[in-house]
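I have a structure I would like to understand better, so I am pasting it below and will then ask my questions one at a time.
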Amino acid sequence: MQEIIDRAIKHGWGYIGYGKPAAYIPELSKVNPNQLGISVIQINGENWNSGDYEAKFTIQSISKTVALIMAVVDRGADYVFAKVGMEPTGDAFNSIIKLETIKTAKPLNPMINAGAIAIDSMIQGESIDKKFERVLDMFRRLCHNHSIGNSEQVYNSEKATGFRNRALAHFMKDSGIIEGEVEEVLDLYFKQCSVEVTCKDIAMLGAVLAGDGVSPVTGERLLPRSLTRLVKTFMVTCGMYDASGEFAIRVGLPAKSGVGGGIMASVPGKMGIGVYGPALDEKGNSIGGIKTLEYLSNEMDLSIF
Amino acid sequence: MQEIIDRAIKHGWGYIGYGKPAAYIPELSKVNPNQLGISVIQINGENWNSGDYEAKFTIQSISKTVALIMAVVDRGADYVFAKVGMEPTGDAFNSIIKLETIKTAKPLNPMINAGAIAIDSMIQGESIDKKFERVLDMFRRLCHNHSIGNSEQVYNSEKATGFRNRALAHFMKDSGIIEGEVEEVLDLYFKQCSVEVTCKDIAMLGAVLAGDGVSPVTGERLLPRSLTRLVKTFMVTCGMYDASGEFAIRVGLPAKSGVGGGIMASVPGKMGIGVYGPALDEKGNSIGGIKTLEYLSNEMDLSIF
Amino acid sequence: MQEIIDRAIKHGWGYIGYGKPAAYIPELSKVNPNQLGISVIQINGENWNSGDYEAKFTIQSISKTVALIMAVVDRGADYVFAKVGMEPTGDAFNSIIKLETIKTAKPLNPMINAGAIAIDSMIQGESIDKKFERVLDMFRRLCHNHSIGNSEQVYNSEKATGFRNRALAHFMKDSGIIEGEVEEVLDLYFKQCSVEVTCKDIAMLGAVLAGDGVSPVTGERLLPRSLTRLVKTFMVTCGMYDASGEFAIRVGLPAKSGVGGGIMASVPGKMGIGVYGPALDEKGNSIGGIKTLEYLSNEMDLSIF
Amino acid sequence: MQEIIDRAIKHGWGYIGYGKPAAYIPELSKVNPNQLGISVIQINGENWNSGDYEAKFTIQSISKTVALIMAVVDRGADYVFAKVGMEPTGDAFNSIIKLETIKTAKPLNPMINAGAIAIDSMIQGESIDKKFERVLDMFRRLCHNHSIGNSEQVYNSEKATGFRNRALAHFMKDSGIIEGEVEEVLDLYFKQCSVEVTCKDIAMLGAVLAGDGVSPVTGERLLPRSLTRLVKTFMVTCGMYDASGEFAIRVGLPAKSGVGGGIMASVPGKMGIGVYGPALDEKGNSIGGIKTLEYLSNEMDLSIF
């Protein structure tokens, strides 16, 4: 196994030069683009690592899976999906068009920015600080790492430049999808995106989902099975932005990427995989990370299809 | 002449029942929908009035003409039209779609909300208060009425509910169309929309435009001729929201409407007309106002075509 | 006057190098791009010419004005505008999007391709040949030239390559806007676009419109006044494709362009102008033609605004 | 097992009243809406049936899976996916918008109408008749039923009314996606949609896909494994029109529906399922069929997630 993931990383390395770090968040563009790391955690707890697997990076859109979990736990699926759809979209992750053209004005799914912001408006807590504390707690439990925190620099950077997300949020406020204060909801969103993790952390998250909600470390049930299925399904249909369809064909695994360079993948019944490589392709996915996962999936026959 | 406008008002009255006041701004929905008034001012200063011509109403989108004048005066036409287009659009006044689909990301024209907000970001002044003072001064000069002010209630109502406009503004901030602070630009926009006028005020504005920039009262040149042509052209192609084409065919006059119920029309070389009727059709135009103008245009053969 | 139009042509010449002939119709791309000509005909019949005013070219979209006239004569305005809108659009002339997004599925106006094809489906006649004969008769009467015919080469070229127009027509057939046989309607459309004219012919058409329907040659009334107003209004709001707004500002005249290189302009109460220059700008309008008209309008103060 | 599928059908029955047969194809609207049937075939050949499983219906969009298989076999995946995308879409199955707004003009995937028509243009054969013969042969082999044919009535009905599909095809012809004769490509498409099958036939197709290409009856390899994965992936991300995301969540199986009322589902490594119920929901999927599959998936824990 160690050998396979070493080879996978080596394979992924060959593609790093074709990508580059996210440019639209100033803080993210400063990162060293030549990193590539992987962690694999089986649902029985066994694990392997390779490359820059200890490098810290911000979780970005991968956090949308955890936010979705919390919203469903807090409000129930019926409430959540009355305001956010379940359908994939051929539009870019930050597109605003469908909010105007679709009759219901619902964001199409919880994995695009509009949907994720709507999801954040449903997370409960007395204040934004309390809400974010709850989100952090969930991250720490699911990743089995009590030292997880967030990067103030990245948070401030996103907050200072997140005008497109503000446009999405105000549009949804106008159509009644978002109920609270727009800037507070965005604050939670920017904070959650700036949570810092390593490959091991997101591999653990993937392993919990792979194990239908049971911790690979303690054997404790952390999430109900139906909820882990819900999340894995969204990861397949919408997890890799508007390259989700191609990823499903080439790799065939539930996965969620972030512009920080991470990809969290989950092999149902088997393992969680965390990869990190900040050089992104034009869709915003880690270019080396995708190639590493593609190699691994083919080599180990992991596709769910 | 008095007889004709009396008949025109009577004709317009017949249609009031088919419309209703703007609902999306709480403060506007409280108005008495049965009002209808008209003022006509020739470029030589002669004038006539009929109906509820002394009723005060907020100028709303009619202010976009004055804001455009100020931006062009402050920055020059080249600067202004590098950031805002000149083309009519078949989309609704508050549509955001074109900002995403058009390559340049420019709002299509200065008469839709997106364009008007962008225009407001170009008006000069040390602070928002100073900028609004300059806008008010311009209103007072062009309407020849030094007591013109704005309604704090309507301003506060729009500010509290203007989420769609915030979405437009943040989207344009993201794409570099707007340079300053978004909330400050919006503040100026909401203030300018809440300026209170009567039919006489906007008839005077229309008369100044009709006279190529010369005051019907003092004979003083208030605006350069080229600028008044620019404004009248936009009034024809985009002045009546996405009913501009039909209005051009049925009435044939440069005109700008506002959801407050006012319509400012300008008959080149002849006269300015101000009408007020808060019952709106589904496009957001005064339903009685349009019918009054249609009657007048047909009766007096005013169409420019 | 002769001097002014000579200078205008000279001015227009300076811009020819920035454009190029239409490429999407093979037959049109073969033309000599360095031609530029103008004819001016006053409503009293006086006229002047300059440059390549005798060059023949295909009328293309300018024919949409004549087709609109015939549909309104044949069916009445109410019938026509129940199926085709009156609004300008910010989309390109061959755009199909609005047919899907707008609830009524109506093409926005009779000057875009979709609208013009719908208009053609309303022209009466026992067969396509009979219909086209009627259209040709109307051209001959309005242009006061009984030798007007069409180019079989251009007709065949358009017919062989007009797939986008076929897409528009079938879409409208599906939504019930078009009633007859799609290929027959398209046949009439391709034929009408291939009608060959000179600057003199379209100047005469513009002069008839300028004179509210009266022939400048015979003094005979050829069209009802209301119909000429309707056409001139559409020429202002939608006559120059998605550059209509800018043209209205810079030139200020009702005008209709075609990708054959012609522009037919009408100065209400004064004159018709025909210009021809096959080098087009990126919106599909004659680049030298626009500049010639702009010079003329400024020099002679012709703007209607 | 027999008991479970009997209960599943009974469950599905309860929802039939909320749907109705396809109205847009005249021939389809005449069917008895109260039918519901199911066939299940394990990859070892064992099988069960319930309800109206012997009723014949036209395969409609389910044929898109077979057409995709043939295009990839004939041209290779690289050629195919240079012209058709791999991404799901939030738009309706017959939407034309993305063809205009997306830079590449490629239809988003092979399961929407535009993509399926493009796919049909890649199937090889000397004539349309030969091509359709090849398609029929493939159907017969994959469904293990040599008597499969097509309904001339439904074919003629679709051909006579398929204007939206003609619009899609001509649009793609214009942008170079389709190379051959548009009407010939459409002819193949209409023919393939009119192929008549029963629940048993499509259950067999699903079983071949479930078995990675091996026939449950003969044990013969009919398709390469990679190709069956490709098809199953598209079935998950785009198989149920713009309800694919919700179906993935509620049922969790690769499936492809048709407006004829059939749904072909494939449980990887286990079985194929064919259901038929002509009452459709507003997305165009068999309403009873979906509920039957949902019951079965939950009861037997079949979800792939």
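Chains here go by letter, A, B, C and D, matching the order in which they are written, and residues are numbered from 1 within each.
Keep this in mind: contacts are C-beta pairs under 8 Å (C-beta built on N, C-alpha and C of every residue); 3 or more make two chains touch, one makes a residue touch a chain.
The structure displayed is predicted, hence computed values, not measured ones.
Of all chains, the one whose Cα centroid sits at the greatest distance from that of subunit C is A. Superposing the C-alpha atoms of subunit A onto subunit D requires a rotation of 180 degrees, rounded to the nearest 5. Centroid to centroid, with C-alpha atoms defining each point, subunit B and subunit C lie 32 Å apart.
Subunit A and subunit B have centres, each the mean of its CA atoms, that are 46 Å apart. Note: centroid distance subunit A to subunit C, computed from Cα atoms, is 54 Å. Within subunit C, residues 101 each touch two or more of the remaining chains. Pairwise chain contacts in this structure: A-B, A-D, B-C, C-D.
Partner subunit D is touched in their complex by these residues of subunit A: 85-91, 98, 102, 108-109, 229-230, 232-234, 236-238, 242-246, 248-249, 252, 254, 268, 303-305.
Contacts from subunit D toward subunit C in the complex involve residues 95-97, 99-101, 163-164, 166-171, 173-174, 182.
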